[in-house]
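Notes follow once the structure below has been shown.
Should a chain be cited, it is by its letter among A, B, C and D, assigned in written order, with residues numbered from 1 in that chain.
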Amino acid sequence: MPDYPTALGASSPDRITLLGRDLAEEVMGEVGFGELAFWLATQRRPAKGEIRVFEAVLAALADHGFTPTAITARLTFLSAPDSVQGALAAGLLGGGSRFLGVTEDCGRFLHDVLAGVEGGHPADDAEWDVLALAAVRSAREAGRLVPGLGHHVHKQGDPRTARLFDIAHEEGVSGPHLSLFAAIGRVHPRVLGRTLPLNGAGVCGAALADLGLPLELLRAFALLARTAGLIGQLAEELRDPVAKDIFLSVDLNNRSIPPRPFDG
Amino acid sequence: MPDYPTALGASSPDRITLLGRDLAEEVMGEVGFGELAFWLATQRRPAKGEIRVFEAVLAALADHGFTPTAITARLTFLSAPDSVQGALAAGLLGGGSRFLGVTEDCGRFLHDVLAGVEGGHPADDAEWDVLALAAVRSAREAGRLVPGLGHHVHKQGDPRTARLFDIAHEEGVSGPHLSLFAAIGRVHPRVLGRTLPLNGAGVCGAALADLGLPLELLRAFALLARTAGLIGQLAEELRDPVAKDIFLSVDLNNRSIPPRPFDG
Amino acid sequence: MPDYPTALGASSPDRITLLGRDLAEEVMGEVGFGELAFWLATQRRPAKGEIRVFEAVLAALADHGFTPTAITARLTFLSAPDSVQGALAAGLLGGGSRFLGVTEDCGRFLHDVLAGVEGGHPADDAEWDVLALAAVRSAREAGRLVPGLGHHVHKQGDPRTARLFDIAHEEGVSGPHLSLFAAIGRVHPRVLGRTLPLNGAGVCGAALADLGLPLELLRAFALLARTAGLIGQLAEELRDPVAKDIFLSVDLNNRSIPPRPFDG
Amino acid sequence: MPDYPTALGASSPDRITLLGRDLAEEVMGEVGFGELAFWLATQRRPAKGEIRVFEAVLAALADHGFTPTAITARLTFLSAPDSVQGALAAGLLGGGSRFLGVTEDCGRFLHDVLAGVEGGHPADDAEWDVLALAAVRSAREAGRLVPGLGHHVHKQGDPRTARLFDIAHEEGVSGPHLSLFAAIGRVHPRVLGRTLPLNGAGVCGAALADLGLPLELLRAFALLARTAGLIGQLAEELRDPVAKDIFLSVDLNNRSIPPRPFDG
């Protein structure tokens, strides 16, 4: 008969524990929500500086206005107002490779480059630049995009990027992923022939990787941030509803065309 | 042509705002994640004491071990490891009327009782007891359960309940919903003939309602807390996988029975 | 140690069974998909006439153009094209109380009225009218809508309704739910003071209930039909993409407003 | 102002069309559900033999007993019985790369091999074997698995495979994907050194590709089939509930372990 090991929530008639701590006495009222999310994911309690960087990342990713995920959550709430969980879940399902995936892709890309380095990490900016240059060249030769480069709106620079670098430095938790990401920002014009901004989703992936969070779940932290954002969207929908107008703006502007057989 | 009003995220080429604030300068590094979630939902920045109560609620609801939602998230991750968003969404979809619904039901129940009070709220415990007694009697006569009463494990008292009352009092943010809930805890034995504990999910609903959060979305805060818990479950699944054993423990113990026509 | 009884899929090294039949020999190539869905839900093989009515219901509910569910599926596919399951799931999550719920609500309403009848069912139209009149009056007195009445587009009559009545009569599977629904169509103007059409979603609920399908799952058949419709939406999106235009039409027409504190 | 072209559902006050046909008169009662699903996805009406093969595929994929998707749907229904759409969506979310992905992977693999053939397709089994041998060798050299080969239960042969080949031949709709798949079944032992069965999920992918269905959506048809299966699971759960036992069998066999910090 199998048993199922876990270090997370457990309870007996008179006590509840979470991560080995007494939930009521040691967690409730003592541990902030960002701190708790970090702790749950890594099973280690983060330091104060790590919490600040982690929460700055969550703030950067929480809400970007009328994204497909926000529209989806609002339309689903319109259609099934009895099921808040369905509206949130529908919104999160848009958090895939394209709209929320850059954070994860960037963290993994940086990790893979660093994993290929023999000996220690570069010692100064010049050495980081060498590594970054090789990485950008190699991506370009393979016909792959470098994740975290470019933004369709913030063409001259994403304001989140510089700010997150600053916070990580202030807190002393900037590590090799952020260093490599910064170097990519410096050297990529030599390979690509034009200067692109380092975007906010990318720098968040670098920071999360430096915090030691599991690479397989970097996207999950973007989704956690977005859950808070989607609740904000639903709360606003309750007061200033737009979902019905969105639906009607599509439905009333439909244009019937004849079916065309799909030919494989 | 419709336009779509929003006070949430907005951006121009050189600036991103959230709730009317500069995201990079005024939010990132300055606002904790619990605080931000509260702010997004209410469009007002919470006071420090409100944040502490709110985060204590989130901690109380984040993870309860191998619940159906946790098992579901792990099984979905086993089955579709390429889609973290799907695993989280599947887990959240269990957050409905039965397992995560008590928080919302309790908040609404208390709200409805308070909404029926003419004049001001009760002035002391004795007056609260009168109101609570009427509410419990009325629920019983209607054949309805009083949400927040009883727990299948913590039969002698849920340790989260006393703790959350304490924190709310310490922070000076205990309001009428918590007062009424406490009174229900005192008087219900007179109606029901036995003493039940005030459970943690219920007290969380009372506290969230006292914080002025939208009643229609109380369940959403339980889901936000649970998102952090589910990420913890997936992170643990990566290291100590149990989903395959769970699946096999069911599949290998299946027992074939003949079909029996359903008769309407 | 628990075991888990099931009459559905089972397999041994050289044989797979479904509903007690040999899947390869007796089901594949022998059983249509509508028939199989009916059989799976009721564990009895439907007769030919029942299949025709059931599939007519599925056809009626499969796709209604640019509904919130269709828009949601397309937006989610745009955002997470790597996860077709996520796009379909997101679309289905809109199938709640408001947009796809009428089918279930109507089936349950008719069932409840019939369950309250002592003795046998009415014998002729006049008797059905008496029952229907009482039901509509009782709903109106309770301030409840009669599900299945009214349509925002097909104000003079929903073309699906007459057709489904005809098919059910042709196949000899019209039962008490359809009879009562027809009677509601005849008598409601006497109570409501105006004539509303019997809508397609409602007649589908009546027909599904007459087929003996489980009332708790009537909405599930609407969702099954819609799954086929959503695949059609995604297939069309691959060729004639509109999701990005929809997203931009919202995002570019956003209007920033100042935050307004929510006041409970 | 954008408009949104579609050949799917459209309606005017007195008429509803689907795929350019009158829904009430030409679709309801005239078009089976498998046929309709095919038609919606390809915008062409399938021939009778194509429908039989398509529905045989759906039957093969509808339900495989207590899979993670079935367990997930049942647990979600236990936890949120008010939201049937959530239970179905949660179940479908397990339809990702691992459990339902073989169908899509196999169809794409075969398609890619065929796309690399210059001139016409092979003319006889010997020529197909040459092509298959090259494809299997090339996959092996790249360290990739050949999708559709092997089954953990049906080690001597998956009964669905031979049956689907037969039905496709009977109906005259066997095409190059099935031919190549059959050849892979003949030649792979020469490369891999052992004989593996062609599995049912793989042959379904080959058949769907031969039917001309969009490759990007092959997984979607597995999900459509599974939707019917999941409704069967929920219907059985209503009568013979097992979800609570499954939940308790996990929860009661949890084993608390100390947290171990994750080390990146």
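One rule holds in what follows: contacts are C-beta pairs under 8 Å (C-beta built on N, C-alpha and C of every residue); 3 or more make two chains touch, one makes a residue touch a chain.
Predicted model only: the values in this text are computed from it and were never measured.
Common neighbours of subunit A and subunit B under the contact rule above are C, D. Where the sister copies subunit A and subunit C meet, the same residue numbers recur on both sides for over half of the interface positions. A count of C-beta contacts for the chain pairs B-D and B-C puts B-D on top. Taking the mean of C-alpha positions as each chain's centre, the chain lying farthest from the centre of subunit B is D.
Centroids of subunit B and subunit C (each the mean of its C-alpha atoms) stand 31 Å apart.
With centres defined as mean CA coordinates, subunit D is found 38 Å away from subunit B.
The multi-chain contact residues of subunit D, meaning those touching 2 or more other chains, are 1-2, 4-7, 10, 41-43, 65-66, 80, 82-83, 85-86, 89-90, 93-96, 100, 214, 235, 240, 242, 246, 249-250, 254, 257, 260, 262.
If you draw each protein chain as a dot and join the dots that touch, every dot ends up joined to every other dot. Here subunit C touches subunit B in the complex through residues 1-7, 10, 17, 19-20, 41-44, 80, 82-83, 85-86, 89, 209, 212-214, 250, 253-264, going by the rule given at the top. By the touch criterion stated above, subunit C contacts subunit A in their complex at residues 1, 65-69, 71-72, 75-76, 78-83, 86-87, 89-90, 93-101, 235, 239-240, 242-243, 246-247, 249-251, 254, 257, 260, 262. Put simply, subunit D touches subunit C in their complex at residues 2, 4-16, 18, 22-25, 27-29, 31-34, 36-37, 40-43, 52, 54-56, 58-60, 62-66, 70, 83-86, 88-90, 92-96, 100, 153-157, 159-160, 162-164, 166-167, 170, 200, 214, 216-217, 219-221, 223-225, 227-229, 231-236, 238, 240, 242, 245-246, 249.
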